[in-house]
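Multiple structures are listed underneath, in structure tokens.
In what comes next, chain A is part of two complexes: it sits with chain B in the first one and with chain C in the second one.
And then the complex of A and B:
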């Protein structure tokens, strides 16, 4: 699959993006500790170029590598850099995060537990996706706007319609990292997908980034 | 010039905060709804005027906006509002404050460095009122206004899942109005509806807010009592039985008296599903009916056991239970003639 996408993204460009993501995620990890008061460890990101049509099966394969039941938080972002952030967490994560982040938010007392879990997952997903995308954008000297996050459960119609929302004729760059919340012992996966229409811009931004060091 | 006009003309609130949470801009919409003029609030911390905003949740989101350039979303569904403003809608809503959908985002200087955060405030009271009405329509019984069967079964499943993971228990009471068909036949359906409505309202006013009370169908009701062991549930059921028995349902000039039978069951180790727990309570209710009505019966055992019904009586129990597992609180029963009438 890599060869047919060689024209979209060269190995050199992948290396530059890898380097940028190493810097960005290191910085995001440090700042996240200040923002949510939980140390978040982010692994070295892995980069792949895929057909969008292959994303659903790729996601299923990757999401189920540790646990069968998962919760997904998805959020789109747009600007020069355009795509989606997808956070995959074990189902119990929402409940564990409530206990860590719980601060007597108005309305939480009366909200059923499922609603609270959903809200906490959306908040954490929003912050984590925003931190990683934001740091990449900072290094590439751009900024993006985010749509509200949404929680998708991996059973039933929600996941099916989410999968169908991908345009199979497109190619995407997938940046994947394993994250770990130390205080609550939760780990999961974070994917950042770049839309094909943003790839050309990304390539130029990567070369500009390198030029600033030459 | 044009942008400053837009800032004051748009029908949403816009606030701009610096990194120290001091108000830098406060548009006309915010002035009008907060009744705080901009000259009074600009330069001061937003917490000076809105101390309830000072929560870890708000600060976490604010920090993520100014640190990462994130956007934060405060939906009315959960947060209801960020700024406590009076409602302007004349929809007769029960909301004390305007429901707001708020968003927060970063603002950068010419060097692309984040210096400020903006907050937009949208009045969604009308939308929230419609949502509330739609929700009520979907989860409440139109006659009695208590929860409907669908909602009860959903909450029962949720409670069952919760108690599977955490220690504790809960009980359910199944209730059925005795000889209700006689009320309809004797006094008419309007009287029957009146009795059902008044019955439901008496029960609601005598249970806790956390209890979930629903019309299960016809003259059958059920109540889920979270964190309640069976002894306490029996006390509640007995109290309700006495309360209904002593009440005079005054329909126009006609006084009507009713009684009810109740079956009680508690979640126990070994209860395999929410449905089986409901079945247990239903079995107890049938037993209460069979034993003469106007009484409360509990089933303790989680296993399905059997009781031999009197030979001349066909068994009313879909699943039979053991005699020693059934405890009844018997009270004065209805006159024999009334008892003999079919329902």
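And then the complex of A and C:
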């Protein structure tokens, strides 16, 4: 999978990116905890370089790692750092998270359950993806603009069209974090991937970031 | 006086960042470990005056390593250096008796402030003996 792209980033560059993702996801989890009463168990992020064409099969393999049916929240971002943030949660996650949010957002009671689930997933996705990408940008001294988040369930055509939407001719860097919402016992994955257009900028930004630590 | 510093962090970049924040003229003797398990082993061999500890690590995480080290040495001075700044994580490590917490990414100014506080604590302890 993506052997010809394996050397786009050196091991040291991958290590820098891994530490930046670690800092960014830690910060995003704290932001989520400020909004809803939830504790996120963190793990060490993983960095991979893949062919964009391999992303759909990679996502399918990783998403089915822990659960069969999944919900996805996707959000694109633009700037020097350009790509997508994808939050993957089990289908039951939205329903379970409603119980946590219920105290804070009583207005949700008036909506049908499917609508509430979608709202909760978008809220959590928006915070985690936005805060994580935002922190990466802060550390690398740039800024991005975002599309609104969208929820994709893997049981329908929207999922098929989502995984087919990647341009297979390019390389992508995937930053992946596995986490667990402790209070509701939900495991999830957060991917941030950036495509070939942003790779040269990213490499320079990583070296600039480390310059002050040389 | 601080002479020996142990850095326990699975990220070689985080260790490099922390080392670069330490003053170069103090002649500190440094030792590194890449996970909690190795950290405990190195703690016993190296007997540091100060230990910097990450929380999210493979094999044995920082919480477990802090407990193990404090069981071995109740006077161990441990400074947590972490990206996990959630309230619950902070209260867990403070309850575990760590000396202080540093938020990643490391900044020289804050690392050097910690070193001054640790020196003062060591003087206080030596005076009380």
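The definition used in the following text is that the second predicted complex is superposed on the first by the 200 of 214 C-alpha atoms of A that agree within 3 Å, B and C clash if a C-alpha of one lies under 4 Å from a C-alpha of the other, contacts with A are read in each partner's own complex, and residues count from 1 in each chain.
Throughout what follows, a residue touches a chain if its C-beta (ideal position, glycine included) is under 8 Å from a C-beta of that chain, and two chains touch if they have at least 3 such contacts.
In this text, all values refer to a predicted model and were calculated from it rather than measured experimentally.
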Query raised in the report: For the three-chain model obtained by superposing on chain A, do chain B and chain C clash or fit?
Result: fit
Report task. Classify the contacts of A:30 with the two partner chains as first (chain B alone), second (chain C alone), both, or neither. Result -> second
Query raised in the report: After lining up the shared chain so the two structures overlap, which partner does A:39 touch, if you call chain B first and chain C second: first, second, both or neither?
Result: second
Query raised in the report: Taking the superposition as given, does A:139 touch the first partner, chain B, the second, chain C, both, or neither?
Result: second
Requested in this report: Tell me which partner A:149 touches in the superposition: chain B (first), chain C (second), both or neither.
Outcome: first
**Report entry** For chain A as apex, the angle formed with chain B and chain C - C-alpha centres, to the nearest 10 degrees
**Finding:** 130
Query raised in the report: More residues of chain A are touched by which partner: chain B or chain C?
Result: B
Query - Touched partner set for A:126, first chain B, second chain C, both or neither - result: first
Requested in this report: Mind working out whether A:22 is in touch with chain B, chain C, both or neither, as first, second, both or neither?
Outcome: second
Requested in this report: Between chain B and chain C, report the minimum C-alpha distance in the superposition, expressed in whole angstrom.
Outcome: 13
Report summary line: After superposition on chain A, the chain A residues reached by both chain B and chain C are none
**Report entry** chain A to chain B touching residues, read off their complex
**Finding:** 28, 31, 34-37, 101, 103-108, 111-115, 119, 122-123, 126-127, 130-131, 134-135, 137-138, 141, 143-146, 148-149
Query - chain A-touching residues of chain B, taken from the complex the two chains share - result: 52, 55-57, 60-61, 63-64, 67-73, 75, 78-80, 105-106, 108, 112, 158, 162
Query raised in the report: In the complex of these two chains, what residues of chain C are touching chain A?
Result: 10-14, 16-17, 20-21, 56-58, 82-89, 104-106
Requested in this report: Using the touch definition up top, name the residues of chain A that touch chain C in the complex.
Outcome: 12, 15-16, 18-19, 22-27, 29-30, 33, 39-40, 42-44, 139, 210, 213-214
